[in-house]
Amino acid sequence: MSILVEFAMFPTDKGESVSKYVSRIIKMIDESGITYKLTPMGTVFETETMDEAIEILKKAYEQLEHDCSRIYSTVKFDIRKNRSKRLTQKIKSIEEKIGKEVKK
Amino acid sequence: MSILVEFAMFPTDKGESVSKYVSRIIKMIDESGITYKLTPMGTVFETETMDEAIEILKKAYEQLEHDCSRIYSTVKFDIRKNRSKRLTQKIKSIEEKIGKEVKK
Amino acid sequence: MSILVEFAMFPTDKGESVSKYVSRIIKMIDESGITYKLTPMGTVFETETMDEAIEILKKAYEQLEHDCSRIYSTVKFDIRKNRSKRLTQKIKSIEEKIGKEVKK
Amino acid sequence: MSILVEFAMFPTDKGESVSKYVSRIIKMIDESGITYKLTPMGTVFETETMDEAIEILKKAYEQLEHDCSRIYSTVKFDIRKNRSKRLTQKIKSIEEKIGKEVKK
């Protein structure tokens, strides 16, 4: 089983710049040992179970809840049986079909 | 605390029509007793804690996991302290500002 | 052709409450004559072409761009050939499968 | 002005594997000359105007419309005045705050 998750989470009561808050979440993910990739619009990570994926989302929320009055978050799940290592595999599959390397 | 969640979840290995699968999730939500609204693009529900919200999402996934090989889901959270009943309140607030009833 | 769009758009540089800004967008949509539904997490509307759908999104952006320094938006499209009136039809299809009316 | 867009677009009437269809969109983006990054869950690109961003989304749709009966798409916009090159800058800002390089 491969659970791919792309998510963004940030406070909306702190004005225009929120990287101070978002960096807490990225630090937690980086230290968690999970397989992830930071993108300019969120974080993509992969787990083997739904419980693990949800645990990361809960921990992300815990980084903000004590000092943020309003939090917005978007999450996308792509869940596929009998697969693994899709964090790299999905992009490779696209590159094979196009016949060249893409920007990543 | 008010956790507003909008989410959609559906299999992508079952062809063009997926209402048979989606209706399992809506049935579960309807029977759960939670405050919710079905929209043409997903379901909006409100809980008082993040744990309750996540419990609903896990149960939604359980409706599909046994017979779907690939599942896609999008989730949006709007979390706000010191608020409640925003499932109706947010729309009322917009209507007050516009000065007329909107379609809902 | 039926283009169903669910979207939310709001400034993130204006603090916790943004209904003053969001209501401009809802007012524009309400006056446009388009078929729509306001939900607690966004607006769902239906058009017959992609061009019409995109025109609405551009006009939404125009309501905010002059006095907002940072704007966040999420959009979901569900595009289906040989269909129409899905703003009501999708929910009816779910209700038929469950065998009862749902909250909407 | 910096318009950052993260989007995914795929047919839902073609069964479990859709990389054949998605690769058409990535090929178009790669050949367009636009600044982009492919992620395992979508594509992130940056433009200077909303019109350019929307043009890319329309062209993505054109890659699928002729032979797909149902298409699903999610799009996120992060629009910020007086900024540029955020495709790399946002991640750098997070790394500075954490004090180390992250996976990207």
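Chains: A, B, C and D, in written order; residue numbering restarts at 1 for each.
Going forward, contacts are C-beta pairs under 8 Å (C-beta built on N, C-alpha and C of every residue); 3 or more make two chains touch, one makes a residue touch a chain.
Keep in mind that what you see is a predicted model, and the values were worked out from it rather than measured.
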| item | value |
| --- | --- |
| Angular offset of chain A relative to chain D [C-alpha, multiple of 5 degrees] | 180 |
| Furthest chain, CA centroid comparison against chain D | B |
| Rounded Å distance between chain B and chain C, as computed from the means of their C-alpha atoms | 16 |
| Rounded Å distance, chain B centre to chain D centre (Cα mean) | 26 |
| Centre-to-centre distance between chain D and chain C (centres being mean Cα positions), rounded to whole Å | 21 |
| Residues of chain B engaged with two or more neighbouring chains | 16, 69-70, 72, 74, 76, 78, 80 |
| Touching residues (chain side chain A, partner chain C) in the complex | 10, 12-13, 15-16, 18, 69-70, 72, 74 |
| Complex contact set, residues of chain D against chain A | 4-6, 8, 16, 19-20, 22-23, 26-27, 30, 36-42, 44, 46, 74, 76, 78, 80, 86-88, 90-91, 93-94, 97-98, 100, 102-104 |
| Touch list for chain C against partner chain D, complex | 9, 50-51, 54, 57-58, 61, 65, 69-82 |
